[in-house]
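Everything on this sheet refers to the single structure shown next.
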Amino acid sequence: MDVRPQVSNEYSEGIAGVVERWKSLATGLSITLGRAMGPHKTLSYPAEKLPMTARWRGSLHLNGILGHDEIEVVRSQAPEYNGIIAGLYAEERLAPCVGNCPANVDARGQNYYMADDRPVEAYELVRERNIMPGVLGRICHHPCENACRRNYYDEPLAIRPLHRMAYEAYQENKPALSPMPVTQDKSVAIIGSGPSGLAAAFDLMRLGYKVTMYEKEAKPGGALYSGVPSYRLPREVLHGEIDDLVALGLELHCGVEIGVDVPIDHLMGEFDAVLIAVGLQVSRLLPIPGTDADGVRGALEFLRESNWKGDAGVKGLRVMVIGGGNVAVDVARCALRVGASEVRLACLEASEEMPCHPWEIEEALDEGVIAMCGQGPEKVLEQDGKVVGMQLRECLSVFDESGRFSPKFGDEYTTVDCDVVVFSIGQAPLLADLVGGSDLMLTDRGLLPVDGEVMTTDVPGVFASGEVVTGPGSAIASIASGHEAAISIDRYLQGHDLFEGRVARPVPVYDRYQVATVEGVEESRRRVPMPMARPEERATDFRQVELGMTHLEALNEAARCLRCQTGVCVGCTFCARTCPDYAISVDRIDDPGERKVTHYDLDLTKCCFCGLCAEQCPTDALRHTGQYELSFYQRDLMIFDRDEMLRDPAGTRSTGRDGIHPGDSGGEA
Amino acid sequence: MAIVDRVGSALEHGPGRVVLSSLDALFDWARSHSQWVMPMGTACCAMEMIASFPFTKFDSDRHGVIPQADPRHADVMVVAGTITRKMQPAVIRLYEQMPDPKWVIAMGNCTVSGGIFYYDTYSVVRGVDEFLPVDVYIAGCPPRPEAVQDALMQLREKIRQESIGPNTRHVRKLTLPGPGESRASVEPSEPGEVG
Amino acid sequence: MSLQIEEQRQTEGPDGRPRQELVVNVGPSHPSTHGVGRVVVHLDGEVITKADMIIGYLHRGIEKMCENRTYLQVVPLTDRLDYVGSMYSNWAYCRAVERLAAIRVPERAEYIRVIVAEMQRIASHMMSIGSAAADTAAATLFIYSFDERERIIELFEELCGARLTYNYVRPGGVAFDLPEGWTDSVLEFTKAHRKALDLMDRMYFGNVIARGRLKGVAVLGRDDAVAWGASGPVARGSGVDWDLRKHDSYSVYPRFDFNVPIGENGDAYDRARTRLLECYESCSIIEQAIEQMPTGPHKVEGQPRLIMPRAGDAYDHIESARGSLGVYIVADGSPRPYRVKFRSPAFCNLALVPKLAVGHTLSDLVVVLGSLDPVFGEVDR
Amino acid sequence: MNIDELRDHLCGQYPDLCPLFSIEFGDGTLQVECRGLYDAAADLKSLGFDMLGMVTAVDRGEHFEMVYRLTSREMSVGMFLKCLVPRDKPHTRSLYDLWPAALWQEREVYDLFGIEFDGHPDLRRIMLPEDWVGHPLRKDYQDERIIKRPDYI
Amino acid sequence: MSGFVGGLVWGLAGGMLIALATVFGVWWERKVAGRIHMRIGPQTTGPAGLLQVPADTLKMILKEDITPAQVDVRVFRLAPHIVFVPVAMSLTVIPFASGFAPLNTSIGMLFFLAVPSLSVIGMLLAGWSSRNTYATIGGLRAAAQMISYELPRTLSVLSVVVLAGSMRPLEVMEAWRPWWILANAIGFLVYFISSIAEVNSIPFDLPQAESELVAGYFADYSGIRWGIFMMTEYGAVVAASLFGAAVFLGGWRWLPGAFGVVLFIALTLLLITAIIFVKWTFPRMRSDQLMTTAWKILTPMALVQLVIVGVIVPWM
């Protein structure tokens, strides 16, 4: 029933008007009498106090402060790790960088140790999750930095270079490595020494299993050794870290090809569990005319030859690379280094939509690679069996509106003459001889049927992980699937059920911020730039491209970390910058080993309780309390210093320092 | 007031002290339980001050606090809201019109220190204590009505310590704890020492 | 004008004979000047012959302050402008910034803004009807209307954590999403509020003494209202059919159907009654908005920390409880506005006092002030 | 009179206005010299702009820019009227007799910017006390009482 | 008791009764007003706030008693007493119990109505002497209002006198009959409204208009001097209610002996509460409204009442 206004604006005339007038006096009295009879709605203040709503913006307090509280670091055995990460995410204490990394590397913990000049502990902490900090510090595509909250303020943390700095500092004062104790009677065989195999091996060794690894190549490392060129990943770093793993108790047999030298059934019988981590061996070619001509190469073979022998037989020739992914860019840059006279790269996507990482294609273009974007391969021109050119067709769009890969081609053709064509449009595993004779079955397309979540194949006791399961992806993604496989193997060997009580890795969603512009930002907040070798000089040989930071630069960079969601204030001063009344003044000591926020003064007389600071505080340290009784006798007590800010947030009174008892109301009720 | 002062100073010395303390107790009880407030509301704090005086939800009439628009009839002046340079003479004049004993409560950050209008303004007085003796400061922008009632009760504590004897104050020995130590411990005080 | 003014003045009356006028100073701190206005009134007996309105006692120079704050830091300042209705003060400023920086606000945020602004309009009208009634000594009506306002303040406290200065509407959306079950308590409120409005209507506006006090006082003609730039209930009380929500529609208002109450003879009674009838309309707008509110983000994704709009200027206005509240911002590309001007409806409405007060008695002066419903934070800026 | 007729009329009268003059979205601007302000305002009033919303000034460094916001009720559209006023001895014609709404707004502009309005009934300070020296909203206003907020964002 | 000593004793008793009435009246009004506003009213000082008003009075005694500089000192100091004494005197003629009225004069009814109008002079003097524009306006309004409301009040009481045939309150009470309530209904209504005007309660409180003249004629008084004005106001309320309950509602005539007096007190309390309800419900009248109600509404009603009493009743 919708109450409409019934009172008319004018009284009626004559006697009726007089009656209405006296009636209006009577209605007035009856309303007040009615209200007087009703219950009172008063809050008898000192005795009963209103509970504050969850969002009430009372006086501010700090949950913790650097130098007074410790930063929590996420360390645990593999099986419990996902549970801890999911718990942190549920309580909103998971930093965006840790959450966004496929392997949930505790980058926040690493920055904390690096800032305190404890690189060895930083290295060991990171190694627990990404096995080879030195390697990953050079080749990882750092999803952590994309999620870093500092993007919103100025520039993200240089987390990947800090992995590398931790590795270099670790090498200088490396502790003696002794094999981990074997506490379980069960043993595990791992086929393939790629990143996922090594990750599973490391986890299982920490759980006390006896791990034996077989690698068919002469040197371990899998795709890292064969696929990644040495100007991005020097060989001694890769093999150094794998040697550390061997020193930790990994039994490694190189040059043994399972399925050929040793049948897989033999392994299945001898070991309690077998993990197939062989990765992708063969590059796919396109079914277009002319691919059988001489001079058409696959990407992986080309990379293997250029990486191992330093010469892929293209000296002085013109090379055309087909494909837009990271592997294609590596092929192009290797081609330059092994003496190709001219290297072109053709990909379907437009220049800004290329699947490879933006900084990769930039470095390649600097070094002289010519990119031809939006061009699809049509056919290989050949003359008596030898490649002489390549016909490309203009590609309008790559994905249809629902996001599926269905390229639409225009009708404009361009022909490019070249001597060698390298196809880098996809890779496939080579499993035929590996599983020959065993009861492992392959699908019609030559793939292993694997349950993506628990990494089991159809044969009990045989697991698979890495790119053979997930398809072409990043090194850190393979490592993540290696961890999952280790968890499954551990559950299988302990006899637990694979699914029951298993926590999947949470895929966190964070507020998406626009990357801040950096002009006008003072120097101390900027990111330490990673020095690069000059393009023309680095294009000629396989020496390391990124030259690495100095030790002091690493410490400064680590000090920039905001320690998101730890509830410990690191003195990042963004609350002071956001405050409209300039009521907060913060300063901190940054020298390593003595990292402290020395002063944190909130001038309560200037604070306008608008909540802007607490909203954007990256570490959730600055929070509003439910305290609203803010009466003081002296004005200088109203400036809360560091200790006053760390007061207990409960109760309704902010401070009892001038004789007023917190919690009680002064006068008797 | 004059008669009371003469009685107070007469009783101060010698045996009269016991009478003085009991008289003080009575007078302080009367003054602290009947605080008639002169609402000096200018800006947003005035809205919360209205809410905290005799209104339905936060009823300060329960503590004997009535708003009196006329300065002559009020004891406590609650200054609420930004005091600008143009308003300052009016506030001073109203304060002088109030009969003794009078107290001042500075409600809200604008009156305590200019609050959000501390920087970049040319016409705001940064804190009422530049020209008024303030007894209780309330932080908040605006403070909750309960905070105003709490301040009035803190003022009660302060009034309890006053005496009609010119140089006697029943200052309770307040040991102010350092940060982190236990909160203030209050022992009963004897009259006589000057606060 | 300094505080000291002479008490009596010699002037000639209309027939030329010397006449002694009493000069009364309804000073900056007075229970019924709705804040810190001051009226120097020349009385012939009890009839006002000349009224000079002096304002500026709460002039804090907010427009000068805005020039040294970033666009986000100005939002808490707009709370302190019209402190009886800070929600729509935020909204007016945010609309101007969004027009300047070409920010597109998501649907849900627009609906939340409408709900919150309409609730704030009800709270502001309750304050203005109540304090105008308190000027004519009906303190009980002030307490009942303030109790209604308290219900809204509790809802806002649950929504954004503050009782009066919300800092809730931000450029690009709103600060937080609605808490659980908040909309149900709002619907309960609107039902109970209609009953309370009817009760107040019968108690005060029906009362013969109140009608005697309000009717025929401070009559403002239609074209005078337009010429003097009056807006909101003050203009609509005199029959000017101009409501920005309806006639210069913005945000999602075109999707709601509500009518705009118009007064007939433009006196204090019609203005106050228009405010009360507007509360009915606001209740129905809130109910329609809650019904049609979509789900989705409550603020625009990817908002930069420092908004840096292109150089240029933008003006946008909304229908606040006092009239058309406009904000004019000039930007120079830096994170701080170059100039911000708040077009305050209360300031323009208050300019009518010298014109309306002449010919009435002193006790009518407070009714005139009450019916124009000034809030001096917004008048003096 | 609807919006298009208004546009043609204005384009006809002020030739330099035409290329990008849009009125629909309420940001149409008519820039005139100081001398022609009063006539332009009178002309606009006759065209249907019966409400003067806002009168303000912007300190553009070497001169002040007077900004008037006019609203037409029957066309329900708003428009800017701007003119530049020199910085030394700034004065312009008051629009009080076209729209009485300008009375207090021009007093405020005089008070905070120091722009004189000829023909204004009682031009005195409205916001600041009588004895105030200087006009605060000017960019070059010096006042030792102002404490600047540190440049810290 | 000889005349002078008796007058002194009963005057003091009247003063003490007003003091007691104020203590109880203020507490009762703040409690009832609280209930009207859905709040509690005085609660923390003493049990249910009973000690609240003694605390207020004691505090007011201790307040500094300011005599402003520009004030005509002697008149300023005298005014509160001129206002207080008439009201105290008017209490002495009220018939409290059967056969007992402190001052049993033959013209008691006229005495009760005439003497309080003297306090108008006090208000005028207070307003004029404090040389403050608000106070002066307050004083002038008080004068205009009191005079114009004397007439309907007297006429309404006259109708009772006509019925009772005597001006001596005790005799009027003796002659009181239950059906008089019906006969004098209009008269009681006029008496009630005009006594609210005499007392300067809300619908008619132009002299001390809280929201216009801030505090009307006692704007410049502070401390106990202002307290006397407050006591006078509450004393007048009690006096009007006592007289109304006695003369119009029969007071102690309903029940014999002590119970009658208790019922009489209850009726007075009921009238006081009614005045409080009227005070907190209605807005304030403008001076021209005030005059029209007095001359155009109340006086004709009183005359109609006189006609009823004078003509119809004897005819019936």
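For reference, chains read A, B, C, D and E in written order, and residue numbers begin at 1 within each chain.
What we mean here is this: a residue touches a chain if its C-beta (ideal position, glycine included) is under 8 Å from a C-beta of that chain, and two chains touch if they have at least 3 such contacts.
Keep in mind that what you see is a predicted model, and the values were worked out from it rather than measured.
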In contact with chain A and chain B alike are the chains C, D, E
Which chains does chain A share as contact partners with chain C?
B, D, E
Leftover contact groups, counting everything except chain D:
one piece
Farthest chain from chain B, comparing Cα centres?
A
Among the chains, which has its CA centre at the largest distance from chain C's?
A
Higher-contact pair (C-beta pairs counted), B-D versus C-D:
C-D
Can you tell me which chain is nearest the middle of the complex, judged by mean CA position?
C
Chain B and chain E: spacing of chain centres that average the CA atoms, whole Å
36
Whole-Å gap between the CA centroids of chain A and chain E:
84
If you average the CA atoms of chain B and of chain C, how far apart do the two points sit, in angstrom?
33
Averaged-CA centre spacing for the pair chain E and chain D, given as whole angstrom:
61
Junction residues of chain E, two or more chains touched:
34, 36-40, 43-44, 210-211, 214, 280-282
Residue list for chain A, restricted to those that touch at least two other chains:
25, 28, 31-32, 35, 40-42, 44, 578, 580, 582, 608-609
Among the residues of chain D, which are close enough to touch at least two other chains?
128-129, 136, 148-149, 153
Interchain contacts, given as pairs of chains that touch
A-B, A-C, A-D, A-E, B-C, B-D, B-E, C-D, C-E
If you look only at chain B, which of its residues touch chain E in the complex?
1, 4, 26-27, 29-31, 33-34, 36, 54-56, 59, 61-64, 69-70, 72-73, 75, 97, 99-101
List the residues on chain D that touch chain C in their complex, please.
26-27, 50-54, 56, 58-59, 67, 69, 71, 73, 76-78, 80, 99-101, 103-105, 108, 112, 125-130, 136-137, 148-149, 153
Chain B contacts chain A in the complex at 32, 56-59, 62, 109, 112-116, 118-119, 127, 129, 134-141, 143-144, 146-147, 149-151, 153-154, 156-158, 172, 174, 176-177, 179-180, 183-184, 186
So in the complex, which bits of chain C are touching chain B?
2-3, 27-31, 35-36, 56-61, 64-65, 67-69, 76-77, 79-80, 83-84, 127, 143, 146-147, 150, 163-165, 376-377
List the residues on chain D that touch chain A in their complex, please.
149-150, 152-153
